[in-house]
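I've put the structures underneath this note.
You will see two complexes here that share chain A, one where it goes with chain B and one where it goes with chain C.
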Partner chain A sequence: MLSDLTKSYFELFNLDTTFDLDLDDLESRFRKLQKEFHPDRFVTVSEQERRIAMQLTAQINEAYQTLIKPLSRGSYMLKLEDINVNDETDTKMDASFLMEQMELREQLDELKNKKHQEKQIQNLTETIKSSQTKIINELQVCFKTTTGESLMRARNLVRELQFFEKMASQLEELDDEYL
Partner chain B sequence: MALLQISEPGKSTSPHEHRLAIGIDLGTTNSLVASVRSGIADTMADENGNHLLPSVVHYADGKSSVVGNDALIAGQKDPVNTISSVKRMMGRSFSEINSVINRSSNRIVDTDTSVPRIETASGLKSAIEVSSDILKSLRDRAEKTLGGELFGAVITVPAYFDDAQRQATKDAAKLAGLKILRLINEPTAAAVAYGLDKRVNGIFVIYDLGGGTMDVSILKLNKGVFEVLATAGDAVLGGDDMDHLIVDYLVEESGEKNINDPVFKQSALTQARKIKENLLANDTTDIKLLLPGGEEWSGQLTREKMQTLVAPVVEKTLKPCKRAMQDAGIKKTDINGIVLVGGPTRMQIVRKLISEFFEQEPLTDIDPDKVVAVGAALQADMLAGNKNNDVLLLDVTPLSLGLEIMGGMVEKIIPRNSTIPVARAQEFTTFKDGQTAMSIHVLQGEREMVSDCRSLAKFELKGIPSLVAGAARIRVTFQVDADGLLNVSATELTSGIETRVEVIPSYGLTDGEIESMLKDSISHAGDDMAARALREQQVEADRLYEAVTAAIAQDGEALLSESKLSEIKTCLNTLDTVSKKTDRNAIKLAIEKLDKATQEFAAMRMDLGVSRALSGHNINEFTKEPD
Partner chain C sequence: MAYSEKVLDHYENPRNVGTFDKDDTSVGTGMVGAPACGDVMKLQLKVSDKGVIEDAKFKTYGCGSAIASSSLVTEWVKGKSIDEALEIKNSDIAEELALPPVKIHCSVLAEDAIKAAIEDYKGKQK
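Moving on to the complex of A and B:
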């Protein structure tokens, strides 16, 4: 019943629906809304106002977290176009991409079984990071048009980005073990 | 805007009324209370001029409890009935207290409720009751100092406290008759005190090593916004553990065999604390230890040796530091300053290891004992609406929250370090044909298996329509409020059946237990609980009445149909009539009715408010100001 049904995350921040966001601008809009609607501003008022403020702030937080990261922003934009990134009936991926992933995974598995691999972990992290940057740049271009073809391309890119994201977090965990 | 005060955020409805609000640092070893007086935040002293209240309570036979220094003194002779470091027992089970935490002489009893009790000469005491006695003592001090009834309190908790521990703290405050304005995290409170005082911007690390807990938070300070990027810690690591290592050393050196003698244990612990204190300023210290046989053992300890003894504790704190940096996505070179909080951070060994780890000297220009209470007082003053300013705290969840799924695995719903308040939903389905009930098990922690996480609560969703396996759709919503407390609700989407539960911690008191404790404590104080409850209900009625009246005056015509408007007006009249009378239930019902009638209106106004907040502003307002 709250505004989440009618307003998109972009509309919530009074922004155009675009992948190419100015993140500093998004951050100051986020802060401006937080400064007005955070539950801390509603301690001395009625229960109803406190509850609404909490729900709204939770929504502002969710919207911000979704838009600030390229992967979730991309998935969300596709969702707005009724495209499910993780549609289980269609899991086709580009063959050369999968090959590349397998190679990276092998490297990761090798690191798992050895100690003192900080340097190698760092190298692999760099490789993944640069792949992510490349995909994000392509997404910028893709989302400029909303033709069916470019949206399908965007979907594939977002899925690729998911792979890299997952690998990056596994690497982080690996790094964690050496703490 | 009344339903949401958009035009004047932070302002109270009656702006000239000054509300007495306090900040409390409820510590493992010492507790403090602070307030903002004449624009200055400072801690309050007792009649002897002491600001620190030792978090120790003595329960003698047939007498009322004694808190603080007197309890500390009583504890020398009567350790069994003296409870210290009770914070380490908050929200914990019998086995947890015994296996990890309990080094005291107290006798812990497992009870048929989920909350263990400590046996004392004046009866069984839960950790919540002991904490509430400490809070009462601080409340009395504040009321005497400020000379009036308190509007409310901000109480600090370790950032790494889980839901059960936070809930226990809130219950203790309730029992002490304190209205909680907010639970805030200790490092965040310290950041507020430091940041507002020094007017700094940038990335700051708050390293908080207390008596029993260790937290590290990384914050981005930017023009009054205190945004926690990540937090990590250890809820059972602190100065107490250093003391125990020193005690072990003393026991070994003195060759004493009768180590379970309560008085000896207590005196060795007191010695250990004295040694730590003495070695701050001196390179060596003399030790005098009274043995159970009556003889005295004396020896010497150098700072260097003491540091070797306690170093493992400090080294253990570095792992959370690294984890927090990783989660925050920052490098050491991004850090503008490291703020040290907590008594043990006075120790040279702590400062040395911290500066080596972060490759920069920590800031030492604040009082590490007082800073948390002062920050809490500043926040309390703001929350009470005494100050219309631009400060905002954006804190995070310290631990991931999730649900048990098939195979004893945990599905994470809200990951750690999510900005609060946060709400997330996840859909599940039935796995058997005709399944009409589903049990929901809520967990907190980072590990994949249920057995490695902490169980917060279990509840059952009943009345799911009988369908084939996989056809029902159950949406479970997790909501963490601004106090960091979790609320879980579940709805079956095809039928709309909803169950809502406050997460009653697997290790907490039930509402009924709190109610009866509250009754006991209030009847002792001679107060009338019913009268108090009625007054609270009337205040709530007045607030809602005023808010809705003002909202209708502003937007009623534009947003409401005539029939809706007249419905709301009827509800308003009813509320107005009953709130002047003394039937608490009738007031409650009238509030609920008006609340329901205005929900949609309130949501529409909120939408409007959001649009207003971001439109009509020059784009320059959104661009970053140069630092």
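Moving on to the complex of A and C:
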């Protein structure tokens, strides 16, 4: 049981390290492990074992939350390859990507200042969603090979995906204000 | 987290917000981004024939510290030569605005925006 603590999130679920996960399968593996290490089952064991079981439960939760979402799954896979997605001293991004972000942010700002923009919010939300899907599809391809080049490409894609996630959550907040 | 007075001042009254024509050969445009927080910063410098920065404009989508950092550098670079502007360090910006450690990356963004803008300007002079 102790050795389980050092396993990667994929190993914990007995899965290959892959971006292309079957999410229903992941969920059923998660439920199974949750049951297996449930604190109720460790009432009669030594305190040390109980502590390890608790740590494992926390780790299983963390692993599931990380792998279920494409952004955190991608970041985690890169971390396993020792690639840091959020190096704060690296602010360089593709110029046309940043330009597009500027324009999308401008649109979002305009929506914030006006009322009754449900339709426009919906349109922008769909634009963001389709950009996210496009990046995720590209990531599927990138993660199939682990050459330096494809990993760098994956890193850039994950970085870009973060901007869209941020926008998506801002849009959600805006949408909530209308409800 | 509480912002310092200087950050609040720049945040509430940002200096030099706007845009120059990016195709103007006397204008250098620098765009940078911080994926971790989704901040985007655009800094534009208008440079004279003698290599002096005559004017600067910025547009930043991000937190108060990112807006304040870019607003501050537009004030700082005006009247400087491009070589002098390249000497502005993120630590100078962070110190002036009293940025807490978690916001240091905003000052990094502003320093890199100056460098990117000057690189763009130099590229246009060839």
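Of note:
Note that the second predicted complex is superposed on the first by the 160 of 179 C-alpha atoms of A that agree within 3 Å, B and C clash if a C-alpha of one lies under 4 Å from a C-alpha of the other, contacts with A are read in each partner's own complex, and residues count from 1 in each chain.
Just so it is clear, a contact is a pair of C-beta atoms (placed from the backbone, for glycine too) under 8 Å apart; a residue touches a chain by one contact, two chains touch by 3 or more.
In this text the structure is predicted, and so the values were computed from the model without any measurement.
Here chain B and chain C are compared by how many residues of chain A each touches, and B touches more. In the superposition on chain A, contact of A:159 is made with chain C only, not with chain B. In the superposed model, A:118 makes contact with neither chain B nor chain C. Once the two complexes are laid over each other on the shared chain, residue contacts for A:105 go to chain C alone; chain B is not touched. Contact with neither chain B nor chain C is seen for A:126 once the two complexes are overlaid on the shared chain.
By the touch criterion defined above, A:44 lies against chain B but remains apart from chain C after alignment on the C-alpha atoms of chain A.
Contact with neither chain B nor chain C is seen for A:81 once the two complexes are overlaid on the shared chain. Listing the residues of chain C that touch chain A in their complex gives 31-38, 40, 42, 59, 61, 104-105, 108-109, 112-113, 116. The touching residues of chain A, counted against chain B in their complex, run 1-3, 6-7, 12-14, 24-25, 28-29, 31-49, 52-59, 61-62, 64-65, 172, 175-176, 179.
Contacts from chain B toward chain A in the complex involve residues 3-6, 9-10, 12-13, 19, 152, 181-182, 222, 225, 318-319, 322-323, 326, 382-385, 390, 392-394, 418-424, 479, 481-482, 540, 543-544, 547, 591, 595, 598-600, 602-603, 606-607, 609-611, 613-615, 621-624.
The part of chain A that touches chain C in the complex is made up of residues 85-86, 88-89, 91-93, 95, 97-99, 101-102, 105, 109, 158-160, 162-163, 165-167.
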